[in-house]
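Listed after this line are the structures, all set down as structure tokens.
Look for chain A in each of the two complexes below; its partner is chain B in the first and chain C in the second.
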Partner chain A sequence: MASEAVAVKIQEGVAVDAVVPAASETSAQRKILLKSVEGEEFLVDELFARGSKMISNMIDDGFTEGAIPLPNVTAPVLSKVVEYWKHHVGKSETDKDAREFDRAFVKDASSSVLFDIIMAANYLDCKPLLDLACQAVADAIRDMNVEQVRGFFGITNDFTPEEEAAVLEENREWSNALTVTGNGQKESNEGGNIVLP
Partner chain B sequence: MASQVQSFADFPEDVQLSIISFLLPAELSSFACTSRRSASLCSSTALWNAMLNRRWGSKTLVRRWTATSALPFRRLYKVLDAWDALLGFWRRIGQGTAAGTPPLVFFEFGTSFISGSCVYPSPDAGSYAVVKSPFLWLGLASHGEPVSFRFEFPEDASKSTTDSGVSESDLVPVNVSFVGSKHFVVEENRSFYAESPDTEILGTSPPDQLMSEIYQHFANRTSPGGDRASRRQRQRKRRERERLGRMRWEAEHFVKIGSFGPTPSRPLQGLWKGICEDMRLDFFLVTYDDIGGITCRRVGDSGEPFSSYSPVFWTSNTTFIEPPFSREEQDIYESREHIRPVAMDRTDKHMEVVSRILCINSSYDLVLPDLSGSSGDPRNVEGRIWEYKDGTFGFGFLRNNSIIDLKHITLNGRILDTVEHCSNASSS
Partner chain C sequence: MNSVPEGVVQHILSQMNNARDIASCACVSKRWKDSIPFLPSLYFPRGVFDGLPRVDADAAISHMVSSALRLEELIIYCPFSASLLASWLSLRSHSLRRLELRMDCTAEKPAPCRLDAIGSAKNLEDLKLWGVSLTKSPNWGVLQRLRVLEIVGAAVRDTAIKDVVQACPKLVELALLGCDGCSSVSIELDCLEKCRLDFLGSANCSVHLSSPKLMILELQGFSWIHVNERHSLRRLSIAKTSGSVYKVDVGKLPDLEYLSIRGVQWSWNAISSVLQSGSEVKHLLMKIEFTGDLDTLQPFPQIDLVDFFNNHQKLCKFEIHGAMFAALCQKNSLKNLDSRFSIPCLEEVLVMVRSPLNPMQKLNTLESLVKYSVNLQKLVIRISKMRNCHETADEFFKQICKFKHMNHNIVHIE
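Our next item is the complex of A and B:
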């Protein structure tokens, strides 16, 4: 009985402490065991796990014993990645539910969560997820001024005042509203006599 | 929850490029100002190549642009960004255009340039064909700098056709300048040759390879005018005229036709073509105004001013009559004849299934000589639009019994049913 209850929990891809045999061959589909950096184990349908090119290659190379260790991915992040795979793998690119999921997935995600997902998606080689997270980061800095962008990314200003003035000037042709501090609302270059190149 | 990533520098470089490649140029310029490393990242060739492909990869061969040009990719992006605003339909305004000059110009991407073509209805009776005549060419010269040229056909078109029936033309350098985002001006660029008053230098005309590419795009009956010798002779004559201070033509102004296609909430909007009672093809522009009305005007191929035309039809009530239709409405429709070219397949009836009907008016105050007292009869101006299942529609007026069916001029950004012609003036 107890083992059945455990089996049900595993079905949902939730981390369990118990060691479970990897790649159990059910009539439906194979499952792959993934291990986060903390040692937490996730049993995931092979179909979904192949959302990662890296894992997919390992499976194809004959990796059948034990868990696939992912030392670069923490459990909370891995759980989010698995969620992503479940909503996307095997679905068409224009699937409405998938897009709705994406919207909710990135909405209100903090920068640290987005950064971690980017790192994980890059390590696992899951390009669609990488693109989704990168786009979310780009959207997040949309109306920021230079100082705010620095804060967001943890970038230190190493320009001399002259250098900074020069680079601001050079980049001003792209954005009328380029400012270091103050309101960073971006406008497009409209109006006035612009001679086309 | 602490992230593994404390700062942007913790990302591997390819991930850094990935992230910033999603930024729009305005955000990229802010990012570039954050640090030295950021500034250097933002000028990376790989980055701008990705930006170019993301924005225009589906519209043109980006690698042809980047291969033929010595421009840094970032500068190329700026050039294309400015030229991108030209895509679509524009109409000629103001004086300075000879009678018979087609008012419509259409810009689209070529493989490594942008072409502007004069677009006008084919003069052949009973045809839906649309003539596309080369007008402007914007691209990169061999040294990488952006250049724009205007096609000029000799005034006397008949004299210059070669034995194979091909017309000769010249490419004259011009400046294309925007005045705001919906208005541009084309002016002769007389300083283009200023650097080389007498000697023939490579830069004086587009290199032959580029020339043949241009003519290949217009696919057809245009060719570089004669051999090099006669071309050089014409260039000499042109420079002579320039030295004497004579401009070939005045500046030409164009304004944008904003919405040239239908949308779900504005199903009749846009540019259409239709064959009228005289079996000639005409272009029509249907626009929706701010107060919920629709107006349709003819876009003539004559030099007559666009705005002085009375509308072809108009209505202030855009609520369609839905099926089932009353007996009266059915009679109005079925008693009519669709004007169609003789060659058209008469059995192709599927497009004539009417899905909705709209009441319209023409403001022509018609007085039919053989109907006394008709000028006061509202039925003289009343009409109908019959929308078909495929989204096109036909219109007609109660005073006659014909239907003019309108069809799309473009589909997916390309002009349908094109034929090529090479004269500035439309022949009658």
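Our next item is the complex of A and C:
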């Protein structure tokens, strides 16, 4: 049966509960409408949309009419996520094209784009994409000192001066790595375009 | 980024394991500091504490190990005081699964008892040790969960190896590389699937292996090899870079896909018994310089081409070097060639020619390979290391070029 074959494909590519759709159309034929926060609509093959566990659960719960609203995801980010699904869903983990796509996907991504993808992947429950984006961010902050890390993420330092002194003291053996740069003024790097190595 | 959910911050931080980066992150903000205890992996690179006194480096490692409440993986390449290992490992024995240590740079004389500390990491699944001293058996009790063990560059003794193996009864992968000091190795492991043993030293060494699930075996440095015939070998590689291989006993090899035999000298019995057992092999590499049963080096006796390929019908990839190739090019090597002969599966061949002697016979053998191999796609003739000061060298080159020209899709010269 064609729908069974598709269900098997889903299992191979993405860790999604493979449920054979009850409808007479196979999921390969059916398309799902996704709506970004701005109201922009994306028509996506059901197979790919199931790359999101959240969407997959909604489909299984019977949400097949109209568009699925995604109020936490903007259109540019959603289109990137759909691109990711197209290159990954139904493919094996070691697929060469998928890996090449991943490399290019994160290569010139700015930190703000990466954060958006992380938030979207977290909300949509798409673990492979979350892993990819988190790894890219972790790689980006390698070898940074404390101030640089704060700048990259746009994080405010919420330690009191005493707490900050205590934590620096705890990690004093690393003192070279951790000191504030320059003359003690906090540099901020407003989450700008940081090209990943 | 301040509004990112807790789990996401931890997820990002979990992708890091460089201890220096983690120490940085601990100072970024309260939330980040609170995520540190959940990180699964710590890696201390080689030079991370360069310039720092030992006591400070030890303190930094101690602090981070005690902060990482759920530590699963600990990798220490930098110098550390081995006496602290016991406290670190017993502190994290519940969660620790992977441990990798460089021991060759400890300041104190490497005392064998320092390895005892590893016995307290009862849930360890993967252990790699560099530069240890295994001259006395470490007291590990039994590491029931250990599946992968790799020891590199160790000074060893026979009994110590035996006891280490007994302490890890469920090993699936074992590698003892660059080890020195053994005369006899005996390994009996029910779950072992992959085994690599590389022993240095010119003294003759023997190995006995008994592992019914063994699929991949790589041996270097043994003169006597006995593998219990109850095994599942798919890949077998036997090498001896100095000294001789006298006897090889591996039983039948019905599932063998890859066979590599290399060395300076192998006894003819050893070579023929392995080649006979490996009749189903698909990929074969032969690179032995001399044969001879005693310590006098002898050239190879003639190998009959037809016999050889009839006994290895499934051969798909074939690599043969110098002296062994010359044995295939003797006066009567081709005497059994007839129209019924064919080499059915051979697709790729690499021939390394060391000397230009007997050029016509070598050419005949090469031409026969091309003529009788119905599926041959590539024949590479490597002459880059050839001794070419002999006067037949010119004739040889001329003939080889002609041969290549006539079979230019298939033949390549390196």
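By our rule, the second predicted complex is superposed on the first by the 135 of 197 C-alpha atoms of A that agree within 3 Å, B and C clash if a C-alpha of one lies under 4 Å from a C-alpha of the other, contacts with A are read in each partner's own complex, and residues count from 1 in each chain.
One rule holds in what follows: contacts are C-beta pairs under 8 Å (C-beta built on N, C-alpha and C of every residue); 3 or more make two chains touch, one makes a residue touch a chain.
All values reported here derive from a predicted model rather than from experimental measurement.
> Applying the document's definition of touching, compare chain B and chain C: which contacts more of chain A?
Between chain B and chain C, the winner on chain A residue contacts is B.
> Going by the contact rule set out at the top, does A:76 touch chain B (first), chain C (second), both, or neither?
A:76 sits against chain B, while chain C stays out of touch.
> What is the contact status of A:57 with respect to chain B (first) and chain C (second): first, second, both, or neither?
After superposition on chain A, A:57 lies in contact with neither partner.
> May I ask you to decide whether A:113 touches chain B, chain C, both, or neither, giving the answer as first, second, both or neither?
A:113: touches chain B, not chain C.
> Mind sorting out which residues of chain A both chain B and chain C touch, each in its own complex?
115, 118-119, 122, 130-131, 134-135, 137-138, 141-142, 144-146, 149-150, 153-159, 163-164, 167-168, 171, 173-174, 177-178, 191.
> Which part of chain C faces chain A closely enough to touch in the complex?
1-2, 4-5, 7-8, 11-16, 18, 20-21, 23-33, 49, 52, 56-57, 59-60, 63
> Under the stated contact criterion, what part of chain A meets chain C in this complex?
Touch residues, chain A against chain C: 115, 118-119, 122, 130-131, 134-135, 137-139, 141-146, 149-150, 153-159, 163-164, 167-168, 170-171, 173-174, 177-178, 191.
> Enumerate the contact residues on chain A facing chain B in the complex.
So the residues of chain A in touch with chain B come to 74, 76, 111-113, 115-116, 118-119, 122, 130-131, 134-135, 137-138, 141-142, 144-146, 149-150, 153-159, 163-164, 167-168, 171-175, 177-178, 180, 184, 186, 188, 190-197.
> Considering the complex alone, what residue numbers of chain B touch chain A?
Within the complex, chain B touches chain A at residues 1-9, 11-12, 14-15, 18-39, 78-79, 82-83, 138, 145-146, 148, 175-181, 184.
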